[in-house]
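Got a structure for you, written out below as structure tokens; questions coming shortly.
Naming follows writing order (A, B and C), and every chain is counted from residue 1.
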Amino acid sequence: MATNNTLEPQYVLETRDLDIYYGSFKAVTGVNMKVERNKITAIIGPSGVGKSTLLRVFNRMNELYAGTSIKGQVMFDGEDIYARDVDPVEVRYRIGMVFQKPNPFPKSIYENIAWTARIHGYKGNMDELVENSLRQAALWDEVKDKLQQSGLSISGGQQQRLCIARAISIKPEVILMDEPASALDPIATLKIEELMQELKKNYTIVIVTHNMQQAARASDYTAMMMLSDRVLRSGTVIEFDDTKVIFTNPKDKRTEDYVTGRFG
Amino acid sequence: MKEKLVVQGFANNLKARNRTGVIWHVIFQASTAVGVIALIALLFNVSDGAFGYVAYEARVDPDTLSVAGVPVEDQSKEQLVSLLQSTLSSGAYNKLENEKPFGSRPREEVYQLVVERIIKPKVVEVWNLWPSLTQADEIRATVAKDHPKAELEFVSWLTSDFVTRPQTSEPLATGVRTAILGSLWTILFTILLAFPIGVGAAIYLEEYASENRLNRIIQTNINNLAGVPSIVYGILGLAIFVRALEPLTSGEMFGLVNLTSENGRTVLSAGLTLGLLVLPIIIINAQEAIRAVPRSLRNASFGVGATKWQTVWSHVLPTALPGILTGTILAISRAIGETAPLVVVGASTAISFDPSSPFSKFTTLPIQIYQWTSRPQDEFRSLAAASILVLLILLLSLNAFAILLRNRFSRRF
Amino acid sequence: MAELTLKKAEKKASTNNLRRKPRLGETIIQGLLFFCGFFSIFTTLGIVYELGKEALLFFQMPEVNLLATLTTTEWKPHIGKFGIWPLLNSTLMTTFIAMTIAIPLGMSVAVYLSEYAAPRVRNTLKPILEVLAGIPTIVYGYFALTFVTPILREIFGRDVVQIYNTASAGLVMGILILPLITSMTEDALSAVPRSLREAAYGMGATKLEVALQIVVPAALSGIAAAIIVGISRAIGETMIVAVAAGAGPNFTFNPFVGAETITGHIVRISGGDLSYDSIDYNSIFALGLFLFCVTLVLNIISQTIVRRFREVYE
């Protein structure tokens, strides 16, 4: 294992011996994974194993809830984002998130994006920014005539794409997606998956999904999470590899059982 | 953290945003502090008024009234009665005897009469607690200079005597017993009216009422009544209980009194008026308590073939009872502190007899406080402060009891 | 043995009638309970009828004219003047002063409790607010007269601030109403779903930005309702103004002089000797009816706002 502190340039995120605690309960154990730039990395595993918990560590969302803490390091572009002088607001500015249930603000479609840009000091042409973001999220054509309508007045799938547009309006380097399509119908889900392939040209994507076919279709790398044998009820990444390898020739028997449907 | 490569149009404003955040955080905390400080200031202010130096001059020096070396405040009842007899005019003495025979008066009361009628201390000046503690010497000097004949004493206006003595016009001899008993009698009738009807209404609305227009109106009406100013209830009470129902509330209907000398401004009217006032509160709280009883309990009861009332009486009510009682105690707290409606209904201003029946004239603790606060002399301020302490202690105990009740009896499911 | 079981079976068969039995006890109880529920309607009817009846008598008296009442600015019953404006103006002034204290402070405390405060702090602060709300208003009146007024006189000068003034009463009324605004606002803020806050934090917003730019706007209808209820409470408040604001109608915009409010006037008039059917007696009812209508309308508006404009979050 490399002992230097610098990160090879193609890895934008890395965890080192990461443990995640809720109070004294260790929810996630000993994760060492590297996320490659401009690729889609999927985190899969059975329900309750800690996938979302792991994902939320990357943008320090866990700390919104009292009692959560971590041990180990989480590196972003070579720097530990949990260092004492790091502001979580800055982290979230650069690592964006899309949530499981679409959560647009109760503002207009336009304002959803404009507000986000504005708090980060955007002084440029807002109309242009909104249009660009909506185009990148493949939503522009559907809403361009109703930008002033409430963000809640559109369908679930459209709301989720609005949330994606909102997230990318501030040009993060990484987009975290927490089961973004699980609340959507198959057609909307497909749209999201197509979108992801486009987005990865400019962004790095880490996606949590319980839908194995989705992970197999859409991602480049896959992290397989399971409950650890060593720590009670604690989740860990048991295998991390090219998606093709995970789904056709996994090294760990448990991975094989899971992806072939024998378990989970 | 390494700064994000400046993307076109975005400014580097994190420091400014955090600074604004800190400023507002301080503003929010300061606002909270204002509330806490106001409470502390209020309690301090009341306590400040209830203790301190008093300079008073007595018409007749109590020392001259000692008998065989026994000072007047320690003399027996018989000695005090004979003192009154020898000092007061026969007309005045007989009047007192007729109002209430000396034989039946407690010693404290007789002593109070001695103080009132013979010694007649007159307050010259009053100081609050803080100045009394910090400027004791100056006060002593001032009194020695301006009022050489006066006695200077550090008193607590709130004493056990204060709580047990009846009300009188002499500030140094007065007490709040009349007012406290008035409050208690009033609350009795308030509860007698509001508790059964309130709980009944709550049961009806939660267990029996179906979803229709009438019941919606009833519920809305209750919610609206909870927001009506208390003085309007007073006016209502005046019109209905004091005036329209005068035969009932004055006791004439029961042949007890003569309507020419008595009227409807009685404890009963007061209690009923406050009953109407707290009724919506009891109903709403009881509804919440009943609603909190889990469906599964009712289902279990219905499942074995119990009727609705059997279910309510044997299962729902006992479970909801702690919540209902807590709500009732809160309503009582509210009623005890109410002043305006009772002023309108007609609390008596100069009453010194304890209420003895529902048809007695009445005064209550808050009204006593109001009357004393309205007098310009300083000694009445001190009396008001002492009474406020009594009222606050009463309310505190009541609420502590409610919390105890809630904690002790809340069962888990 | 066999006989016994046979008898039992017979009995069961004969009573195995599933028809509804008339349960007289249940019906009586249901009727009683319905009466209890309906009782409160009597209260409202009583208020409307009694107040309306006497108020009508008031307006029918020769000295009194409805138009004059609503438009003139002198309330001097002994010379026949019944313009409501001095009393109403004073009520509005104390209400206004009270709300300038209660709204900003009340909302700040609510935002603090809802978005910032740690659970331990919340658990200490909420009881304190409950105590503030539970102190009888006569005690607040005493506080206004003996603490706040002297301070105002120190600050602004004894010749500027009279002993009885509306500023003192208004300030203390603000403290009285603060807990009400805080608790209703806090309820409204709590109703904003967690997912909205997460979305905002996820976009890199600071706590302040989340609180003031996302959560508060999302709770606006509840906050508006809280403010209206606070105003209604201030209008109906009696003892603080009765003790501290002055005992005589006075049409003025100067908060440092005494001016009786509607409620203070009612209390003063009824505290004295009142003969039925005198013009003073009837004026109480007219004023009371006015108060009742105003506060009722405000409360209904508040409930309508919550019902109609309740925010949709999903």
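FYI, contacts are C-beta pairs under 8 Å (C-beta built on N, C-alpha and C of every residue); 3 or more make two chains touch, one makes a residue touch a chain.
Fair warning: this is a prediction, and the values are worked out from it, not measured in the lab.
Visitor: Give me the ID of the chain with the smallest distance between its Cα centroid and the all-protein Cα centroid.
Guide: C
Visitor: Let me check something: if the centre of a chain is the mean of its CA atoms, which chain is farthest from subunit C?
Guide: Relative to subunit C, the chain with the farthest C-alpha centre is A.
Visitor: What whole-Å value do you get for the distance between subunit B and subunit C if each is reduced to the mean of its CA atoms?
Guide: 20
Visitor: At what distance in angstrom does the C-alpha mean of subunit B lie from that of subunit A?
Guide: Centre-to-centre distance between subunit A and subunit B: 61 Å.
Visitor: What whole-number Å value describes the gap between the mean CA coordinates of subunit A and subunit C?
Guide: 49
Visitor: Where in subunit C do residues touch at least two different other chains?
Guide: 206, 209
Visitor: Where does subunit B touch two or more other chains at once, residue-wise?
Guide: 17-18
Visitor: List, in ascending order, every residue of subunit A touching at least 2 other chains.
Guide: 89-91, 93-94, 119-120, 170
Visitor: In the complex formed with subunit A, which residues of subunit C make contact?
Guide: 118-119, 195-206, 209, 213-214, 217-218, 311-314
Visitor: For subunit A, which residues count as touching subunit C in their complex?
Guide: Listed in rising order, the residues of subunit A that touch subunit C are 59, 61, 64, 66, 89-94, 96-97, 99, 101, 103-107, 115-116, 119-120, 152, 163, 166-167, 170.
Visitor: So in the complex, the part of subunit A that touches subunit B is made up of which residues?
Guide: 77, 79, 81, 83, 85-87, 89-91, 93-94, 117, 119-125, 129, 170-171
Visitor: Considering the complex alone, what residue numbers of subunit B touch subunit A?
Guide: Going through subunit B, the ones touching subunit A are 1-2, 4, 7-14, 17-18.
Visitor: Could you list, by residue number, the parts of subunit C that touch subunit B in their complex?
Guide: Per the touch definition, subunit C meets subunit B at residues 23, 25-26, 29-30, 32-41, 43-44, 46-47, 50-51, 54, 104-105, 108-109, 111-113, 116, 125, 128-129, 131-132, 134-143, 145-147, 175, 178-179, 206-209, 212, 229, 232-233, 235-239, 242-243, 263, 266-267, 270-271, 274, 276, 284-285, 288, 291-292, 295-296, 299-300, 303.
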